[in-house]
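You will see subunit A twice below: alongside subunit B first, and alongside subunit C after that.
Take a look at the complex of A and B:
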């Protein structure tokens, strides 16, 4: 059995660690690229959203490298994602690719439901081993998140642009190859040391933007046109509303661990959205409120084209924007890769925030009536 | 006295303006890009050079438009800014107190909301070009009227016909249908103007708070039919500022002045660049499955810049070996 899974940002680091720990053969699909996109769009329904298409590409490329079993996340509506695994299984069958698909549905009642599914992959391994493996994968997720957070802080301040990204790339590699907790700790330490040695200009006061939106396009740089990196290059400090480990805790551990997660965001969503609207619609609004309260300069919502929950959130976002005087902006992502339009819009949005910030700094004490923007 | 140049390289036209120290526009130029941005900039610079009043020395140059990075490298720009910012800067100078800017160009259209002289909000058309100049051009050509007469004919209309403006394909078939029914040309053109305005306000404006004074700029502002349709739809007076069709370039020149004043010098390479041979080439990098089409600009026998690669391997290639090694050591 050779197990593969779809890419979602750096999630492969954790999944690979989990499976390797249990001595299961893993085929990590090649990093998502134009080829992945071409294969994916060619074999997907046109009206499906971007995540399904890139997943398809990942599966096909993994198949080419010998994978025969897919680990795929499930879900329970109203977002279409819950149905994707089934659709993908059918498509792969039609293409004549003989792959077994194991769908990890979010546990409805108890985490044991998930563990039973994991058993399908793990076979006769002891429960203790499995729990140890999950724990190790979890540490890797935490490690990746810590490094990403550091990079978000350094990018807008580094004196020679591009160095943080070079080290990020390497650091992910170090975390990836770590075989036990000890090596992992060393890898994180090494990454941390390399990152804090990057010369930075701490006198800069960068514009701060919070990124909210649909989880997949938020976590997958290939899908979001590397928005975090681009904003960093424009001198913006970026914060994301959710990180990998938080997502894992929310969706797979049923929020067992006490840490910041989507619950906090959901609680901030009323009175704008009072109940679940599917996907992360409620969290998008709640996180925007959170960023507004934390005095961020602006919020960018990212969403795959035709994403229903995010469309709901998009239409409510202007109200949040007006109430808090927080400029917001949304970016719809699909298979197009031309980046000139994206760059122009991001640049203009950052200009807007920068000038607003400067005007606020100049005018402090003068007439302090802030003008609201709803984008 | 110092003068400042602004260069706006758009998909359809390339505009160059010269302003003086007090931000008065001295010279403007509007030419077609014809898909050759470098050649267009060179032609434009040559034209402007011969018209610079004596005693004016270039103190700075700024670029904007979709070709801003490319042209910025060619001319040695002091500031390279996106077209939303430059349009807003120019409008707030030329239309005192402006709070709303409509800009409709060849391929794109945007709305900019300013409050207290600062951009508070903006939007650009997304995928559809239904409300832009190219479509008007195309329809004028189909009807056999010069685009310059489009607006004045539309003004003669007594009862504009209703045309679907949501999509240019639907609009065209609707127009043909109305022609076949026997409506006169003026009513059809006026109907088209109203349809485009409706589409713009719905798709780009999307319920934004449109407050007077409103400036209408970009090439399409030359069309008095569209201007009147806006006034009718909004019940507001619309101002078409002087130099409306080169506002991006005016803003770029103003920003160049700001930057050059800050740094105290200009990076402008001089008008000689008009005669220089630049070569733009692209190649496909085959090092990973992304197959990036890397673009490379060279002049004087050396590479001036590269871009369009995902990983930054080519665009960062100018970083010297020493710096590279230091990064390696760090890691």
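Take a look at the complex of A and C:
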């Protein structure tokens, strides 16, 4: 059995660690690329959302490398993600690829349904081993997030642009190869030290932008046109509304661990969205409110084309923007990959925020000038 | 004075209007439905709604704009789920919020939540809440609710006899209570129309698809003409239960029609960018291709109004079925 799984940002680091720990053969699909996208879109329904298409490409590329089993998550709606695996299975069947799909569904009647599925992957390994493996994968997720956060801080301030990204790439590699907790700790320490040594200009006051939106396009740099890196290059400090470990805690551990999660964001969504709308629609609005309260300069919503929950959020975001005086920007992503348009739009948005910030700083410096709301 | 309740002629109007009307009239309110879709209504809706929204949602905005100045309150329920463990579509879940935050100067909105995902009894909870606006008497609310259900039952019975929902609604408005025999339909062939009711029964949006087909000598049947148990049984053939009620109707009816000898072909109508349709359409297409019995035509509609393209494709499809028959 050679197990593969779809990509979502750096999630492969955790999943690989989890499966290797249990001595399961893993085929990590090649990192998502143009070829992945082409293969995926060729065989997927036209109006399916972007993650389905990229996942499809991942599976085909993994199949070419010898994978025969796919590990995939399920769901009970109303977001389309819950039915991804079913559609993908139909497509693979018609393509003649003989791949077994193990779909981890939230149990409908009894927890035993999930246990059977897990057993299908893990075979005879003891539960203690499985729990240890999950714990190790969890530490890797935390490690990746810590490094990413640090990079977000350094990017807009570094004197030689590009250094942070070089180290980020290496650091992910170090975390990836770590085989036990000790090696992992060493890798994180090494990465932290290298990042801190990057020469930075701490006098800069960068524009701060919060990124909200659909989880997959937020976490997968290939899908979001590397928006975080591009913004960093434009001198923007980026913060994301959700990180991998938070998502794992929310969705796989049922919020068992006490850490910042989507619940806080959801609670801030009313009166804008008063009911859950599937996916991350409510969290998008709630996180925008949160960023506004923390005095961020702007918010960018990323969403795949035709994403239903995000459309609901998108149509309400202008109200949040108006109420809090918070500039917002939408980036809708599909298989078209012209990056020039995206860069131009991002530059324009960042310019706007920079001017607004400078004007505010000037206004605050001058005495006797009364500030008033921007109407 | 009787309170005027406005119901937009869009989205779930084509599924539940008789129940809503029955309920509100029994409570002594006057029910006002927005005008039939026109170019003006659609244009206004498109202008007011967010670009990415699908056509039916944009149209809903147009109908709300059409109604808002002539009623005392608007009925825009938040319909989360109409059966156990299934939803409608995320856009329906956020519909009252989208409308309220995008259309200024709205009259009061009755946005009760219908969520039967866990408990089917929650339906009464929603209506009970809406009824409190009109009367303090729980007995009259209960009575109105019962009357609404009866009306809905009558509506569904008419559909099963062979009327299409928009015809049933019209017949009921004219006072027809029940009918046992099918309406007479001429035609040399029968085509099944698979699609959301709010797309295919709105003659402006569908470019009078049903009328055109009938003029070409086609009898039209839809999922509404089937009983719920057929749809449930057929859709259960999927390895995993579909969690969209409307998608399930489409899959179940398509699976039924593709096996039925009386059906010469299937037309699948989807609106541009519809999330659930992208999946259900794909599954229907793949299953039908594997089976290879009935031909399938996939039509995608959006706010553009070029009729010629639709007519050409319909004619080509029908010609193809005729040749197929002649060859047999």
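Methods note: the second predicted complex is superposed on the first by the 353 of 375 C-alpha atoms of A that agree within 3 Å, B and C clash if a C-alpha of one lies under 4 Å from a C-alpha of the other, contacts with A are read in each partner's own complex, and residues count from 1 in each chain.
Following the convention adopted for this analysis, contacts are C-beta pairs under 8 Å (C-beta built on N, C-alpha and C of every residue); 3 or more make two chains touch, one makes a residue touch a chain.
As the structure is a computational prediction, the values presented were derived from the model and not from experiment.
Chemist: With the two structures overlaid on subunit A, would subunit B and subunit C clash, or do they fit side by side?
Modeler: fit
Chemist: Between subunit B (first) and subunit C (second), which, if any, makes contact with A:181: first, second, both or neither?
Modeler: neither
Chemist: Go through the superposed model and pick first if A:332 touches only subunit B, second if only subunit C, both, or neither.
Modeler: A:332 sits against subunit B and subunit C alike.
Chemist: In the superposed arrangement, does A:167 touch subunit B (first), subunit C (second), both or neither?
Modeler: Only subunit B; A:167 stays clear of subunit C.
Chemist: After the superposition on A, what does A:49 contact: first (subunit B), second (subunit C), both or neither?
Modeler: second
Chemist: Which partner chains sit in contact with A:347 here, subunit B, subunit C, both or neither? Use first/second/both/neither.
Modeler: first
Chemist: Quick one: is A:311 in contact with subunit B, with subunit C, with both, or with neither? Answer first, second, both or neither.
Modeler: second
Chemist: Quick test of understanding: once the structures are aligned on A, what is the angle at the Cα centre of subunit A formed with subunit B and subunit C, as a multiple of 10 degrees?
Modeler: 80
Chemist: Closest Cα approach between subunit B and subunit C after superposing, in Å?
Modeler: 5
Chemist: For subunit A, which residues belong to both interfaces, subunit B and subunit C?
Modeler: 318, 332.
Chemist: Under the stated contact criterion, what part of subunit C meets subunit A in this complex?
Modeler: Residues 49-50, 52-53, 78, 80, 85-91, 93-94, 96-98, 101-102, 113, 238-240, 242-244, 270, 272-279, 281-283, 286, 289-290.
Chemist: So in the complex, which bits of subunit A are touching subunit C?
Modeler: Touching subunit C: residues 45-49, 74, 76-80, 82-83, 85-87, 89-91, 94, 103, 105, 108, 272-279, 281, 305-309, 311-316, 318-319, 332 of subunit A.
Chemist: Please name which positions on subunit A make contact with subunit B in the complex.
Modeler: Touch list, subunit A to subunit B: 30-31, 33-36, 160, 162-163, 165-167, 170, 194, 197-198, 226, 318, 327, 332, 340-341, 343-345, 347-349, 351-352, 355-356, 359, 371-375.
Chemist: What residues on subunit B touch subunit A, complex-wise?
Modeler: Listed in rising order, the residues of subunit B that touch subunit A are 66, 81-85, 113, 115-116, 118-124, 126, 207-208, 288-291, 310, 312, 316, 319, 323, 327, 330-331.
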